[in-house]
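As written, the chain order gives the labels A, B, C, D and E, with residue 1 at the start of each chain.
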Amino acid sequence: MTDRRPSGQQKRVNRITRKVGLDAGALIHVGLLQEHNVRVTVFDYDGTHCDQWQPQDLEEIVPLKDSPTVSWINVDGIHDVQIVERIGQLFGIHPLIQEDIVHAGQRPKMEDMSDHIYIVLKMLEGQDSEREVDWEQLSMIIGPNFLITFQEREGDIFDPVRQRITEDKGKIRKVGADYLAYALLDLVVDHYFVVLERLGDKIEVLEEEIIGQSGPEVLNKINHLKRATLTMRRSVWPLREVISNMQRLESDLIKETTKPYLKDVYDHTIQIVDTVETFRDMLSGMVEIYMSNLSNRMNEVMKVLTMIATIFIPLTFIVGVYGMNFQYMPELHWRYGYAAVWIVMLIIAYGMVSYFRKRKWF
Amino acid sequence: MTDRRPSGQQKRVNRITRKVGLDAGALIHVGLLQEHNVRVTVFDYDGTHCDQWQPQDLEEIVPLKDSPTVSWINVDGIHDVQIVERIGQLFGIHPLIQEDIVHAGQRPKMEDMSDHIYIVLKMLEGQDSEREVDWEQLSMIIGPNFLITFQEREGDIFDPVRQRITEDKGKIRKVGADYLAYALLDLVVDHYFVVLERLGDKIEVLEEEIIGQSGPEVLNKINHLKRATLTMRRSVWPLREVISNMQRLESDLIKETTKPYLKDVYDHTIQIVDTVETFRDMLSGMVEIYMSNLSNRMNEVMKVLTMIATIFIPLTFIVGVYGMNFQYMPELHWRYGYAAVWIVMLIIAYGMVSYFRKRKWF
Amino acid sequence: MTDRRPSGQQKRVNRITRKVGLDAGALIHVGLLQEHNVRVTVFDYDGTHCDQWQPQDLEEIVPLKDSPTVSWINVDGIHDVQIVERIGQLFGIHPLIQEDIVHAGQRPKMEDMSDHIYIVLKMLEGQDSEREVDWEQLSMIIGPNFLITFQEREGDIFDPVRQRITEDKGKIRKVGADYLAYALLDLVVDHYFVVLERLGDKIEVLEEEIIGQSGPEVLNKINHLKRATLTMRRSVWPLREVISNMQRLESDLIKETTKPYLKDVYDHTIQIVDTVETFRDMLSGMVEIYMSNLSNRMNEVMKVLTMIATIFIPLTFIVGVYGMNFQYMPELHWRYGYAAVWIVMLIIAYGMVSYFRKRKWF
Amino acid sequence: MTDRRPSGQQKRVNRITRKVGLDAGALIHVGLLQEHNVRVTVFDYDGTHCDQWQPQDLEEIVPLKDSPTVSWINVDGIHDVQIVERIGQLFGIHPLIQEDIVHAGQRPKMEDMSDHIYIVLKMLEGQDSEREVDWEQLSMIIGPNFLITFQEREGDIFDPVRQRITEDKGKIRKVGADYLAYALLDLVVDHYFVVLERLGDKIEVLEEEIIGQSGPEVLNKINHLKRATLTMRRSVWPLREVISNMQRLESDLIKETTKPYLKDVYDHTIQIVDTVETFRDMLSGMVEIYMSNLSNRMNEVMKVLTMIATIFIPLTFIVGVYGMNFQYMPELHWRYGYAAVWIVMLIIAYGMVSYFRKRKWF
Amino acid sequence: MTDRRPSGQQKRVNRITRKVGLDAGALIHVGLLQEHNVRVTVFDYDGTHCDQWQPQDLEEIVPLKDSPTVSWINVDGIHDVQIVERIGQLFGIHPLIQEDIVHAGQRPKMEDMSDHIYIVLKMLEGQDSEREVDWEQLSMIIGPNFLITFQEREGDIFDPVRQRITEDKGKIRKVGADYLAYALLDLVVDHYFVVLERLGDKIEVLEEEIIGQSGPEVLNKINHLKRATLTMRRSVWPLREVISNMQRLESDLIKETTKPYLKDVYDHTIQIVDTVETFRDMLSGMVEIYMSNLSNRMNEVMKVLTMIATIFIPLTFIVGVYGMNFQYMPELHWRYGYAAVWIVMLIIAYGMVSYFRKRKWF
């Protein structure tokens, strides 16, 4: 299952205008334009067995709703709203939540619908060249013994969890759907760190660039990074709240034994927020350095100009004086007039240079 | 029902001075100057029928107050305070609320008057050329089975809801006045997104303009957009609170089944707030780029001046020297004096150019 | 009762130093220096009658304390501390409150003294030329059926209320002292709007000035306006809290029927706060524009200098070359040497101009 | 008791390093280096008598602990930790509090130790030339009928209270130790106002300086004042909290009748906070003006240079042309060539001047 | 036990990437790369005895868990995850906490695990040349009568506590593991002050540097110090919260008698926060001064250039005029033409200088 997201080329339908005036619950896809078929994959496991298949017909997944085994139904693609609607009907998902699932760009949030929990969040998946931080919407429906996930694209970051399930590593096979949801959340948050580290690397590179001779494109880069941190902050702040709410939720769907793990993820989100704030501070400091570099360079240029001009302008005046054509200019006829002028000019030049030295302009 | 608002030309009476010292509850119109007659339109519907008419006499609407069908009384124009006062008397609206209805520019708020709820908010309706964001005050009185809306202008954004009522689309005909109020609120909030998108487009255009050679008018544009985001923020922050209060209201007027829909609108307002904040950050970043562009261009200009001056000023001094008219200037009589001077000058020029190269001024 | 405040000339004793080390409750006047006699005016009314007189002796007002009619005792001038002290004794006002009454510059606050309520606030009364916003302290003692107000100056903004009382307009004669207090508060807050509008006008004028050729005095004006908004904010923020506290007060002195009116005033104060914040944002934006205008103008000046210098400095060098007096300068003797030099110079000038055109410096 | 603090010369031991690793409760003096002997003075009074003496032996003060009269034990100097320790043992003060008493630089705080209350705060005592705001730590132990105060230096600001006690002015002799504590707090806060007024005066002077020709030292002064406001804010914010906590304290040590007085002091601290914030805003505005003045002056300088250069550089080129020595230069032999050149040059100069006029550079 | 940390050279494994996708509770070391063996040291003491040894086998420490004496098990090095895991098993530490222990870079936090408390924080240990503030993670497990500490490096700041234990100074031997934990926390916080003082010294040095002729490296230094304060703030803010939570903890593990000591440490953290904020303000003010210094120096340079150019450019023009070779130039033949030109030029020069004097450019 390779990651084949050519994210730089993909387009988003993010015009909300398409939706204005529709009835609540009307399913309209807003998000990445996709052409592939929607793929549904199912993992069904308990401590002793683990099945994995791609259902041909959505009816196949109905029994999973009430089976005692844990079922993970993953849907790659939300552009085919009929599939979302069908699953919604089969699993009794509220129409407003169906609407949120197909409408990418939701603010991360959690809704407790008593017989299932809805979580929507932004999954960061690397950085494309233009937007630095690229995201995709992930929706989760946590039921008593099933978990349904909706992603926008094929290919994802969940392979490590799939591997842990199939190879029965750790405790994942022994516990319920809430732990599976936690495991996926943990991966999502870990990928935030990955993106953060890349941002950190870029900031470090920029810090060195900025000391050298840097043109206006550096400021552009700083602003791109600033915007990337902004995007991250806007993704992670509400996510932090989501996880905090899950922890405090009074619901059978989240078991008490899972909550310490959620606390762990929560601590990670706080660390991300901290780092993002630090990055923002660093970037602001870099703008200051950049601006003062501009002024410094201007100062340098001006000093060179001033030194040259201040030394030569008086000298040019002097030689101009003796270029005048007056009939009666006694100096012109002196024997050592020419030499005297040179000496005077050297003294003036020396005086100027000394003045600049004293002022520490060299 | 076309939208014929020549908003750019319309004037507002927004001088509160007219009101100073009047008794509380005295109705004075403050808002858009209008000349058309106030038009009242009525929708009266339930699951089985739907009537729509324009009453000739306000007495016609009295029976709607207690009829079991849902009635939507829409008033286009608040400049005729007598009509507002008459409706207020007929439906038992508190004088202070009547005062707020005719006084455009209210901060969005909700008042629970136990037998009806008063909501006032700002409706954004597009952007006129001068103020970027143009608004109009919308007041709603939510009763047990009626909804009264007061707008400032003819023509509005509610046609999609009217259509859903007349064509019996969705669940709107099956539910009460609170759902109708929600449907209108939803439309208002959707139009905030529309305005946001236009702002976003303008910001994108500006971002490209700012990189090129941009004059002071760009900063002006940025400031206009900043002010537009400010207006939006000031409209949407209290609106967010209004909807949050409606959700938490302990009142029979808002049914429990409607509250999930209000939650949905609430989420939208938070998204708007988020986007507005992002826009503000982006615009601040653009001011920084603009300012540094100014400095950069100044630097460029100064470098050109300095290079030209620094190369030619010493040379001009040299040629000045040999323009002097001293009687005894041995160099003037040398066979290759002239050529020698040229060579010296070329060396100096070359040295200067190398110096600038080394400093990376090219 | 005309408004004869030559506020620009009046001086304040605002040196707290005079008070240091005194016993609590020692009455020391701090505030506007006044020379007129303190004037006490009394309104005594109920639904059927209305008396108005100026008592010669303060003993005259004693019976008002327990009479069932509503009495409004207005004191113009707090510089005569003995009058304040006498009234304080007659009406049982706590010494610390007496101290606050004569000490102008109090932060707006409300104190519930169980048998009366003390409110102190800042009354804005127009703008004098120096400080933009001019204020005067207003103290109110709300008793069960009396209201005592203390102002610093003669002449005030309360004439509309006096008129409503004498002419029996609205409900003011039918209700108690708390409604009278509300009516005065409402007027005070309305005058905040008046001052805000004037500030708004000045900001609009400044906005146009700033686009043209503006000198450093524009920044001074912006700073004056900024300080005015600061003064307003500092007056209105605590006032907002005062009114909010009055609304929530569990006291017989504020009747339940008066509270909706207080809510109305409260909404106004929030609107003022909003507008003040907007003004501050606008003024900050204007500082930015002003600063960038400075840079722009500098850029313009530099470009002119650079163009002139860059075109003529090389040419001046060339003519200098042929002004040299070398014996052997073949060009000087060519037939078309002079013409050739002109052609070379024109080519150089044209090249320079083209270069500047390409760089869009024109 | 004159105030003999040569504060500018005094040194502080403010290196916490001396304390690292010591056991909690180990008394180490951190604060002003003092050489005088610690002086203990005692006031012992009730409604009928008032004694004042300096005990030779600390055992003398033991009976004061349980006597029904009010006793104020004032200790000038905390550098002799043994005296503090001895008093601590005699009056049962917790070792951690003893540690705080001798360790100047505590953040203002209140500790309720059930049988006594500990208050520590910063006393501002004027402004020395270097730090603008000079402070000294004041510790108070409020017991049932005694008050112990610890100051760092001899000489203080409490003489007005001493006078009120000895001369039996006001109610101070009739009430308890908590009122005495209030009276001292009130004086401390009044002195904050005194310092504020001096800061205000300096700011006013600076405001005028800044408009004239001001060098970099003005910015230095602004920064000193900024730091002074910072110091004040850091002293007064926690002090505000201390007094607020005292007011809400459920303890027999603070009587209900004293609480209105504490409320009064509390209001003063809020006013101080307000004023400090205003000062900070004013100082920030002044930095802006200063910066723009710099730019303005640069603009002026550049305009002068540009005007001179732009007028004379082309003229110098023209005279250079006719200084060339070509054999065939027809103009040189024209009868009115010289006059014609002058006319051309005057036209050019006039053109330039007109251009600058049009651009409003004069 | 000398402090041998060559921190400047040590590398950190701070790539979270290594951890992505692992099962919760999988122990992966993230932190300082270390090569030394992990050293475990044990202190076991009560009021009467004190043993200290380095166990060869971890089984040796098992009896300490339930012995009535206080045991302090200190682990130097977290890179050997097996040792941490073994101790974790022996003392029943939750796998998620084991994970946090070996994963340096945790945000300071406290976890109450009912039979033990987990605290993790950042220990500041001086300043290396590159990062100004250098930290190391300290984890504490507080049990009923044992304390386990995990550090990243050999050598630490705890020797004063070790000494107090072995020499039975103060009350440390008489009290429990919670007091020991407090004593260590107190030392950690005291070292924050030490680092703060060093930062303060550097800021003072910078303040003097900045007034003189300072290049761009000063801004760099300011930014380094800013980042250091940022690091401190990010360490101390959550630490403050940790200690506040410990104080309020309802647990037998923290005795009531220890809580006043925690309050004391808490006050220290608030003071640190205060000082850090002051430092940030001071550094911001210094950036302002630096920037204005740049402008000032530019102004100086420009004035020198302008004065020289403005004086000599007109004079050079004049001498150019009389360098022209027109046949008919009457002035050239005047007897005192040359002298007259000199006089004219001196007058012009004098006029210029007077003009600059008037403008206060000297």
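Methods note: a residue touches a chain if its C-beta (ideal position, glycine included) is under 8 Å from a C-beta of that chain, and two chains touch if they have at least 3 such contacts.
Here the structure is a predicted model, which is why all the values come from computation and not from measurement.
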{"item": "Set of chains whose contacts include both chain E and chain A", "value": "none"}
{"item": "Superposition of chain C upon chain E: rotation angle, C-alpha, nearest 5 degrees", "value": "145"}
{"item": "Copy pair chain B, chain C: interface residue numbering same or different (half cut)", "value": "different"}
{"item": "Rounded Å distance, chain A centre to chain B centre (Cα mean)", "value": "27"}
{"item": "Geometric centre distance via CA averages, chain D-chain A, whole Å", "value": "44"}
{"item": "For chain D, residues that touch 2 or more chains besides their own", "value": "291, 295, 298, 302, 305, 309, 313, 316, 320, 323-325, 329"}
{"item": "Topology of the chain contact graph, where touching chains are joined (line, ring, star, complete, other)", "value": "ring"}
{"item": "Round-the-ring chain order [start: chain A; next: chain B]", "value": "A, B, C, D, E"}
{"item": "Chain A partner contacts - residues on chain E that touch it in the complex", "value": "15-17, 19-26, 94, 96, 99, 105-107, 109, 111, 213, 215-216, 219-220, 223, 226-227, 230, 234, 287, 290-291, 294-295, 297-298, 301-302, 304-305, 308-309, 312-313, 315-316, 319-320, 322-325, 329, 331-333, 335-338, 341"}
{"item": "List of chain C residues in touch with chain B within their complex", "value": "159-161, 164, 169-172, 182-183, 186-187, 190-191, 193-194, 197, 211, 260-261, 263-264, 267, 270-271, 274, 278, 281-282, 285, 288-289, 291-293, 295-296, 298-299, 302-303, 305-306, 309-310, 313-314, 316-317, 320-321, 323-329, 360-361"}
